[in-house]
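One chain, subunit A, appears in both complexes that follow, with subunit B as partner in the first and subunit C in the second.
And now, the complex of A and B:
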């Protein structure tokens, strides 16, 4: 009887490892393109491995890791102390891996001729003190402020680097993804938004911030200040297939994918 | 020290004015629809459907560093008044990242950070042991500081409160404050150990008399030692409690193992067991005043939100309470409870 109980307990506790050929990745929509493309390439090389990638936002990814619902959490911000405490209390020990660098690009509609914004101007646009492009030397048109929603890691970074504690103006449009910001700014003449580098396209115009254009070079040399690291978190130091996949992300091939999807490689 | 009146003013301010000017306000509601059947020996003592508990909550966020919570407790059952009862449960405001990083100052009707009562999520339908045995109320009027130890190594808090709990109305007035200190350390992932202490020297005054008419003075010292071990889908809470009022000592403990099947297989069910023991007076051998309670049950998580928190779940608990007093029969309670919540953010 005792042996049966021990075996049953071992089976239950071990069940999670039985399907170890499946890797699940959840979290940041900014990191999503890197995770998706590296997963696809990795599965081509390793057909026995099945990797599922989901978005949801950095907070959702970290919560999934804390609850044992994912193997890897994608995040465009570092884990918070509160999240770390809850994770450790639940027996999860988040291990941080920086997989790429990213700049947050400020984008406007291509019809807008404004070439540059200072940090102060950016802050005042988002807190509602500047409400018309005329105040910045542009044509008279109301500024349509587009922001990411509050669960977004991109928002967290933007809030820290630009808003410095101010709140986003009440009528700002909060969108759930980088793609949605691009689409809205592209279709709205007076709009301004912010996105990860990887989502820059011809549909929108990136402006310089403090007279520095966002680029790989300016992020790497530290002159473009709206920059951040992108992360993947695992429960403890990665092992087995999870380690192999993360080694691939950090490899030359993986970092080429990072550049291909528009971010800044670590190499 | 009496700060309730001032806190009520703060509450009014929060509830009426602040949500209108806040960055965003989260509105949420949670309801606990419960069926209970209680057996004393073979006699049915209770059989009812009731709204045993519910919350209506406003959480305005004014800035990144200032937020509030206003919470009304709802309940309606055979024991209460006709219709529904209401209690004010939370009305506080948090100021975070002031002077001390990763810490917040709280003011108002707030959680009491003692033992497990402040993060008790009702995995069992029954309350936390310290709540059930009235060692401490779950919330009280006062102020405090709550913070995290860097790198996820734990948390701490210090509070000064009325010491009478959120349910206190009228009656005698306690002029002295109460103090709570709490520390939880997580030396390594999956192992938590902590302790709490509560101290008050109450000076009760008769409300109808002049303020210098002290009825009595009592000193209360309660403390708790708490531990949690988590591994994969399994975790276990352990708790030791002691309450001493002028030398009369009460003592008890709780052990609660939980297996979360949803973490290892596609069945989102938690299997729960719990054992409580409580002795009202450890010195007294002539009075049979202790009891033990066994709980077994399971929670079926039907819906979860994006962050995996349950939105709709069914709880089934069987409880048996056994008394030291041989004249009292064991009491069995079966509870089936459907808990559901909704929330919405208004910008």
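And now, the complex of A and C:
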């Protein structure tokens, strides 16, 4: 009795996954727009395949891949050694595919006239050594430091490229999304923040870093250093329709979608 | 036969809630326990530095606990006078017609989704507070307290109103018969005998405010610095869990620490619920 009940339950829960040719994609909210748009376009070309895309975050995506709950995990950071270890223990072999690039822009309030910051200055603003815009040649006003949350992929990149091992100052605002950073910087004259290129708008002003303006071109030619890769992970080398979908993402059409949703295509 | 089946079906639904409750308790304790054993319970609870992804990780949540308590007390300071005041007016002073109009509006406050409160706080209140007090940043404990306070008003108001209304008519009439006027009656007779009801409302409001996630995520600012003044950005416990869970390594130390925060939050709300039950039981005796 108990056994059949458990079997039945497993069957119901597992059915959606085991008995269909659907592809499920889970993970990073940064990669989500790319996955969503490419999936929609791909399904238009291949109506018999159903792709479901979910967010949740890079960690959630990779965990789902480890547990066999998703076919593709989106991540805005490379997989960590610890995650790789757990995956291998579960008999999952994560296979990494870089699907796009994303630049990180440093933004300030449009009322702020500072045009450029060096890496050194950025580091000292975020670790708390520079606390007033006066020290950078601006008007005397406290710098409101805005960062992304500790576990966000964007923070991870910023931490590695800018902070170089320093801790972000304790009183920095740690906001949960790119959009929240944009809104706050737009409403706060003394604020500085960082966001993915896709979220730039005319409500905030992007500054050049080390005299290089953030743009697709400067990321591609390697002069703008604040950039990162975006990833999709599969269990082992992709096969069948999963491979077909990923080929589509990497194709010219797929990369056009990448551009369209605000990221930088692979060249 | 039918009666029996109905009995068992309803019993099953009742037991299911208990199953859910224990399922949740067991899972957060098993996921969160390793941070206590590996990082040390006292280091975790009383450490003042929260840098969970730094090398080496610093996972002291004392600042987060203080932030949660600060915005919650702030919310109650906002909501208590407004909630109790409106309850007194509705139950004792307003004429029935006006009461029928006002009451649904106050109750409507309770039905607004918290994300809408958050949106309002982020886009309107925070910039306004920043300008009025000439602050560098409007996303802070003060703004969060105000928004949470508005959310708590209907809870305190409706429970206090029930308490005021259920004060025996004989008591009120006796008070008037002794020559007391309305204000004296409200403060000397009605209020003391409805005290436990008001307190229940406050504790319910406490639970609502300390557990609220969306509003603090959008309005509190999220900085981990130790609380010094009400105009600084703060990071309540719910903020840290919601903002950091998605991207973290499942099964890692940071992951476990977030469950550890959930355990502490659970214990705090459990205690406030226990207190509330004690007050209700005492009141009914």
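Just so we're on the same page, the second predicted complex is superposed on the first by the 247 of 267 C-alpha atoms of A that agree within 3 Å, B and C clash if a C-alpha of one lies under 4 Å from a C-alpha of the other, contacts with A are read in each partner's own complex, and residues count from 1 in each chain.
We take it that a contact is a pair of C-beta atoms (placed from the backbone, for glycine too) under 8 Å apart; a residue touches a chain by one contact, two chains touch by 3 or more.
On a predicted model such as this, the values are computed, not experimentally measured, just so you know.
Trainee: Specify the outcome, clash or fit, for subunit B and subunit C once both structures are aligned onto subunit A.
Mentor: With subunit A as the common anchor, subunit B and subunit C collide in the superposed model.
Trainee: Does the superposition put A:167 against subunit B (first), subunit C (second), both, or neither?
Mentor: both
Trainee: Does subunit B (first) or subunit C (second) touch A:190, or do both, or does neither?
Mentor: After superposing on A, A:190 lies in contact with subunit C but is clear of subunit B.
Trainee: Would you sort A:152 into first (subunit B), second (subunit C), both or neither based on which partner it touches?
Mentor: second
Trainee: Report for A:202: first if it touches subunit B alone, second if subunit C alone, otherwise both or neither.
Mentor: In the superposition, A:202 contacts neither subunit B nor subunit C.
Trainee: In the overlaid three-chain picture, which partner chain does A:82 touch, first (subunit B) or second (subunit C), both, or neither?
Mentor: Both subunit B and subunit C are touched by A:82.
Trainee: Under the stated touch criterion, which partner chain does A:180 make contact with: subunit B (first), subunit C (second), both, or neither?
Mentor: So A:180 only meets subunit C here.
Trainee: If you stack the two complexes on chain A, which partner ends up touching A:44: first (subunit B), second (subunit C), both, or neither?
Mentor: neither
Trainee: For A:59, using the defined touch cut-off, is the partner it touches subunit B, subunit C, both, or neither? Pick first, second, both or neither.
Mentor: A:59 contacts both subunit B and subunit C.
Trainee: Once the shared chain is lined up, is A:29 touching subunit B (first), subunit C (second), both, or neither of them?
Mentor: A:29 sits against subunit C, while subunit B stays out of touch.
Trainee: From the options 59-67, 77-85, 167-175 or 275-283, pick the one stretch of subunit B whose C-alpha atoms clash with subunit C.
Mentor: Residues of subunit B that clash with subunit C lie in 59-67.
Trainee: Across the two complexes, find the residues of subunit A that touch subunit B and also touch subunit C.
Mentor: In subunit A, residues 56-57, 59-60, 63, 82-83, 150-151, 159, 165, 167-168, 170, 174 are touched by subunit B and also by subunit C.
Trainee: For the complex, which residues does subunit A have touching subunit C?
Mentor: Touch residues, subunit A against subunit C: 28-29, 55-60, 62-63, 66, 76-77, 80, 82-83, 86, 141-142, 144, 149-153, 155-156, 159, 165, 167-168, 170-176, 180, 183-184, 187-188, 190-191.
Trainee: In their shared complex, at which residues does subunit B touch subunit A?
Mentor: 23-24, 62-65, 102, 148-155, 186, 188-190, 192, 228, 230-235, 259-261, 263-265, 306-308, 345, 347
Trainee: Report the residues of subunit C in contact with subunit A in the complex, numbered from low to high.
Mentor: 49, 51-55, 122-123, 126-127, 130, 136-139, 217-218, 221-226, 232-233, 235, 242-252, 254-255
Trainee: Could you please specify the touching residues of subunit A with respect to subunit B in the complex?
Mentor: Within the complex, subunit A contacts subunit B at residues 12-13, 15-16, 56-57, 59-60, 63-64, 67-69, 81-85, 87-94, 150-151, 159, 163, 165-168, 170, 174, 236.
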